[in-house]
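Read through the structure below, which is laid out as structure tokens, and then see the notes.
Going by the order they are written in, the chains are A, B, C, D and E; count residues from 1 in each one.
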Amino acid sequence: MTDIILSAQGLVRRFTARKPLFGTPSVVQAVSDVTLDVRRGETLAIVGESGCGKSTLARLLTRLLAPSEGAVVYDGRDIASLSDTEMRTLRRDMQFIFQDPFSSLNPRMTVGALIEEPLRIHRMGSAPERRAKVADLLRKVGLRPEHADRFPHEFSGGQRQRIGIARALATGPRIVVGDEPVSALDVSIQAQVVNILEDLKEELGLTLVIIAHDLAVIRHISDRVAVMYLGEIVELGDAAALFEKPAHPYTETLLSAIPIPATGARKARSLVDGDPPNPISPPPGCRFHTRCPYAQARCRSERPGLRTLAPDRQVACHFAEDLSLAGVDATMAARPAAAERRFAVYSNARANMTGAETNKTKLPTEE
Amino acid sequence: MLAFLGRRILIAIPTVFLISVFVFALQHLLPGDPILVMAGEERDPEVIAALREKYRMNDPVPVQYLAWAGNALQGDLGISLRTQQPVLELIAEKLPVTIQLAVMALTIAILIGIPAGVLSAYKKGTWVDWLANIVALSGLSVPNFWLGIMLILLVSVKLGWLPASGYMPISEDPLQSIRIMIMPAFVLGTALAATLMRHTRSAMLSVLKSDYIRTARAKGLREHIVLVKHALRNALVPVVTVITLLFGELLAGAVLTEQIFTIPGFGKLVVDAVFNRDYAVVQGIVLCTGVAFIAMNILADAAYRVLNPRMSDQ
Amino acid sequence: MRITKTVGLAALLALTTGLAHAQDLRIGLQEDPDVLDPDQSRTFVGRIVYASLCDKLVDITPDLEIIPMLATGWEWSADGTELTMSLREGVTFHDGEPFNAAAVAANIDRSKNLDVSRRKSEVKSIESWEVVDDYTIRFKLSSPDATLLAQFADRSGMMLSPKATAAAGADFGLNPVCAGPFKFKERVQQDRIVLEKFADYYRADEINFDSVTFLPIPDTTVRLANLRAGDLHMLERLAATDLSSAEADAGLQVEKATSLGYQGITINIANGARAENPLGQSAAVRKALSLSIDRNALNQVVFEGAFAPGNQPYSPTSPWYNKSFPVPERDIDAAKALLAEAGHGDGVTIEVQVANNPVQTQVMQVIQAMAAEAGITIELAAKEFATLLADQSAGEFTASQIGWSGRVDPDGNIHQFMTTGGGINDSKYSDADMDKFLNEARLSNDPAVRKQSYDAAIAKQQEDMPIIYLYHPVWIWALDQKVAGFTPYPDGMIRLHGVSVSE
Amino acid sequence: MTTAIPLLQVTDLSIRVRGTSAPLVDNVSFTLNAGETLCIVGESGCGKSLTALALMGLLEGTPLQVEKGSALFQGVDLLSAKPETLRGLRGDRVAMIFQEPMTSLNPALRIGEQIAEAIREHRDMPRDQVRARALEMLKRVRIPAADKRLDEYPHQLSGGMRQRVMIAMALANDPALLIADEPTTALDVTIQAQILELMRSLGAETGAAQIMITHDLGVVAEMADKVAVMYAGRIVEAGTTAQIFDDPQHPYTLGLMSSMPSLAGDQERLVTIPGTVPSPANMPDGCRFAARCPFATGRCKETPLLQDQGAGHRVACWHAPVENFAANSRDEVPA
Amino acid sequence: MSVTATSEIEADPLPPRQRSRAWAKFRRNPSALLGGVIVVFFLVVALLAPLLPVPGPAETDWSAVRKPPNAAHPFGTDEIGRDVLSRMIWGAQASLLAGVVSVLIAVLLGVPLGMVAGYMRGWTDAVISRFTEALLAAPFLILAIALAAFLGPSLTNAMIAIGLSAMPIFVRLSRAQTLSVMTEDYVESARAIGIGHVGLIWRYILPNIFPPIIVQATLTIATAIIAEASLSFLGLGQQPPAPSWGAMLNTAKNFLEQAPWMALYPGIAIFLVVLGFNLLGDGLRDALDPRDT
């Protein structure tokens, strides 16, 4: 469990936002000084609001972007130091799933060619073997081998995302980084994809790094959670513990803002006012202090580093020990017993349906 | 904005340099010897030698280029081989002519193209749209030199309504000047009108699809306000860019138009200069049009920024 | 203050130009003249402008007789090496400078010695000159030169103000100052050249216009349309194909004169490696080509019969025409026989370069079709004129369709083309007899003696045929019916003395 | 409640693409009383936005057309009224805000002008009063430094601020009905909470009835008095918020809720709905959910009507409540 | 291999096969079809020219010079007695060839340059972009005239001149398209699976920038045909006696009054074929436009 598969060390990534004719260009530090270990076999979620740098971090971890500073160590090697060829070879082990199922598949390639491509690039297997593997992958993600000669536009969003997953898994990677893999999907489709991801992870012994902003999804699939704010990790810890008892005020803010789909649940409220500050000129001291309800003088001047609060819990707040922050109350979402029974009926029926599915052809869609 | 202009101008410098090298090289690669033509029918060897000396034709081409470029930087573009007039003077003389033609053509194009484009977009899929499109495509498809000679044949020769050719400075007799220029301007303007109409139409179509148009309608605004204040205003941003960029097309079109209507402008000057191998004139003109083209490009970008509040404070 | 002044000035200007406009003669030219310096210019249209701008020492009659102009009389020494001219008194240049022997001397000096003078070859024979008195000048020649007087009837004889040439040097053309009926007012390149009446002109009474405007309009159709629309009073070089319609137009009159020049095919006989082909090597093949051409049909098809078919450097109506060699009828059989005789019985293929203007290419296309029937395949290489000329002078051609604008003196149409080392002998044709005939013709001022020499030369030319002559253009002027007093000249010039427009 | 004349009564609204067979919105009916908030919930493509646009008369100029139905609002049928009448109502009595705050404001016009023109169009007011009203509205939606913002362009504002501007614009003429189409979907969760809070309080302040369109059941639970669940163009279940959340009847509603992971994190696997939403071109006959429904039988080839299951809780399913059906049908289905 | 993962979700039914949407859209567009028909008609005429029952294009008849349309010569005869119809038919070859070949030149040179510029960025891009800008700054026709004069008047050289002058459009377009494709997620996803440069360019960028280039090429053929006609009109294109429409107009303008048919028919032919290509290009643009489906 403490086996580290991938490790980020002091990662910094800067972007030039605007380059005037004279003078210094303004720079956005999208990721600033992130240090993070990914453990073999776990699902690590990185969560935060838009613009917090989580997608940049995901790309840094897989060297789709080169870091401005810091290192990403995979299997003891800094991947930034690898040559292009070595890096390409490494991509067999390290794969990426994209957010938008509509734009992340080359519209001019058939589904079969798309899924086969990683195998072909890495010269894995003969052509017939690869075709068999494609068929197998398609079945694994709930599609049919006959789908291989179709083009992506013939599929729905959820199906496309499954194609993206099949493609990412083709080379048998050890670690998969997903950038918002389910956020573009409707709830019912999202659930299907989440299940596939979890099943495949288990079956193939994958390590998953999932970027997301939907806290419920994160709670559901992740073992550990890293919370990001303005390019920094502000809290990192075991998912259940972190949701139950956040240690950083920003985590609390996030959790409190989620509307709960149940009657009588607490009204969603935002503990903070206004928008996050401009990342070009982040505030001094603690970056959250401008919006933090608990901010004190020290927060405005002194920047809190990420420190270990408890085993498996790191936090970047001066007052983490002093604050008693509210987490998610599990009872809030409780349903009446009658409703629970009905859900159980649905669940059962659904399970039966699946069991019968292999023999059952499509139901009333004759036309 | 200043920084933006500064950067654009800095970037333009190598382009201008490239243009001048390009033109110079091309000129000197052209077959045919202007000196032979200039020497007259007798082609006296002594005269030929003297002319070569005078126009520095015996120097290596790079030396000629440096000499030319050095003078050009000081505002001296040399003299015409054919008439010995200073090139700069020639250009100054021809420029107002072509500008008048261009402005009139552009005016015609704008007056036809933009309303037609708006109407066609608004009535998308109806016969109005269809008709406007067919007319616009016809405008694009008719070779303007052919249109020119057909118009001369019809309007000037058969009907005698308008002069077939010539030029009258607008300062001398404005009415006659416009009378003379209206037919060439129309010929030149048709293709531009078509281009403008198509751009306006597609800009309007994409603007009309945008969310803020729906917002405007949701506010209960009257349709003409939605169309003009909300849609056209935004659609004009790319259209204005297109207008400035049409400048190049305008110049190219002026070449043939001026040829047909014998208008003593830029285009005619350059064609005659190419045929006569009047190096200095060709160089001077292409350099000037090149610079003007780049200036128009910069202007287009600037206009885009001015018209588009999103860009203006960047 | 300044503004009102400027406005006033502008109004005045507008007023005066408005007045001038009323008696302005507008002439349509086929092209824009080059530099307006008689010592430097080379275009035909330039000479048309000079006819109103610069008077010459002598002029010609429509019958090509040389008559006094600025020179009132002349006399040859017995050996033909001295020419003494007496000059008109009381003539002034446009800048007020007097015209006299010293001015003539300065002009001849400029024609001979200005480094970029195009007139050098024309006055080459003048070795020195002597100002005898204010109104007499004597030229000493290196050898007798029968052509000299005719040169004085053209640009070499045009008198420029010595003060202006001294001041402007080679830039004289930007503001020419002469002694003609009109003085230079302004020029807008490719648009117009405006001359205004010179009040002190010595024949001012013959001039009926306050100004004359030359408008270059290259397109013949447009030129004619402008004339019809009343925007022009006259135009030069009406297209032959427009002749019938212009003649039929009651509002127009048409004048014609057969030109001094010709169009032909110059053949590379010995100008470098490209001469190595049947056409260059065999006079029989050249004759076959000439015989395959139906010159009358060519004239009919391309020029509606308006031009003059020809086979010599002089038109059949010229006194210098050798009547022993009439324009040949087309004879395909004879042409084929000649080809067979030359060992090309199964035909030859030749390349002919032609200037890429519509009329010349049309001429060559007709010839191409005609020659094909005699077994001569012509491949056309259309080139821009500048390229054509460069290639021709460099010997980069097999045959070249090119013409000559013609000279008053017969020498000018043949000597430089046919003599060994002749200035524009691009055929590099060389024949001792030909050289002898043509050089001898220069020595005598007796037309009968010269005629003998030219007859002999033409007989030789018909034998060797380095140039195949095709036709002689006819100058066609179209004028508004209101224009009176215009006389056509074979040199194609427009002389405005005595011309008037009735309102 | 039942005695009062409803503010809006929609009956049998059907919308289809001109010239095609299956309606994209099929026989949608609901009522809305003054001051109430109705949430229409469903996944993408279920017709919820179309319903809203149809009520606003904003389908004109699109290939879509209202096939039948009526929508009585304060005595006017929104679906058959003359365009000019509708235009007078829009932005005045009925206002709408949209999903994309980034693109729903005209980029070339200042914020103040965009609010002001909505006021000018419907109110005869002097210029300075209009401006004052615009400023007041900006303050009411709690935009900081409102007087400065008035002269700014939309691109100078953040997404959350723009959505506030949209709300200010919509409420400028005190509408009786506010339609909000996914107003917070494009926003971050903390901003979403702010906007929802704002809409709740403004709704209470102004008394405007609201129709909120959303796909997020959390938002529904937070905002709604009444809920309509739409699937493939039809309302499959409707009722009060409590009825929907505490007594969900339709298999689709059940599936939707099962698909949502819980913040409490107590589920092993998500129970999903199989398959995908049918495309408009291939709308199945009968119950449109049948192909994905674990309870589907042959009877589902007939279209189930929306039937009252008591207390106004309406469900369109032959087998509701499903526990009875499941118990009864166990024998029917051969193992 | 275990099937636990797949057991839970059933395989989706095959989605209904969607035939190429582009073709379907194209077929529904009457003006695009009209454009196609016009273009095909002229192509067929040009290709079948040797087989058609007309006199040779260079066959002269001295007795029928500039005769108006009649039974023997439906379009009349030209200035040296050749059949105008026949020359129109053979001229179609020259015009279409000029249009297609010059655009081919422009595409073959411009697209790789633009792709390299967009792909490599940095100074390569700067050099190519400056070069393109310089080319663009010299107006199309002036550049073409200069090039045609430089290369000597002939159809081949006119095609080269037009091709070179039209090249910058394709450099710009393919550069812009490459840049925009490069920002697409699928390119990043290709990098994520470890694709090399060649594979990325060949399988991802090229196929995806192709539709707009096809559209632009079709529209540029229209422009190129006019450009060829313009150059021929100035005497810099097709050389006699071979016919091209522009060259025919060049001659015809001298006979406007006596023989207007000489100008009329080639002018109409140019108009029609250019209109055809424009309609076709517009149709393709609409059909290939991914924005509205």
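Throughout what follows, a contact is a pair of C-beta atoms (placed from the backbone, for glycine too) under 8 Å apart; a residue touches a chain by one contact, two chains touch by 3 or more.
None of these values were measured; they are calculated from a predicted model.
In summary, the chains found to touch both chain C and chain E are B.
Comparing mean CA positions across the assembly, the chain most remote from chain A is C. Contact counts per chain pair peak at A-D.
Distance between chain A and chain B, defined via averaged C-alpha coordinates, is recorded as 54 Å.
Once the centre of each chain is set as its mean CA position, chain B and chain D turn out to be 53 Å apart. With each centre defined as the average position of its C-alpha atoms, the distance from chain B to chain C rounds to 38 Å.
Inter-chain spacing, taken between the CA centroids of chain A and chain D, is 30 Å. For chain C, the set of residues that touch two or more other chains comprises 219, 221, 383-384, 387. Annotation for chain E: residues touching 2 or more other chains are 8-10, 12-13, 149, 152, 253, 256-257. Multi-chain contact residues of chain D (touching two or more other chains): 269, 272, 274, 276, 282.
Those residues of chain E lying in contact with chain A across their complex are 1-2, 4-15, 17-18, 21, 184-186, 188-196, 199, 203-204, 207-208, 290.
If you check the complex, the residues on chain E that touch chain C are 58, 60, 62, 65, 79-81, 149, 152-153, 235-236, 239-241, 250-251, 253-258. Taken in their complex, chain B has these residues touching chain E: 11, 14-16, 18-19, 22-23, 26-27, 29-31, 130, 133-134, 137-138, 140-143, 145-146, 149-150, 152-153, 157, 248-249, 251-253, 255-256, 259, 267, 270-271, 274-275, 282, 285-286, 289-291, 293-294, 297. Across the complex, chain C meets chain B through its residues 14, 17, 32, 34-37, 40-42, 115-118, 120-122, 170-171, 173-174, 188-192, 215-219, 221-222, 225-226, 228-229, 231, 383-391, 393, 404-405, 416, 423-424. Listing the residues of chain C that touch chain E in their complex gives 219-221, 224, 239, 241-242, 245, 297, 300-302, 356-359, 361-362, 364-366, 368-369, 380-384, 387.
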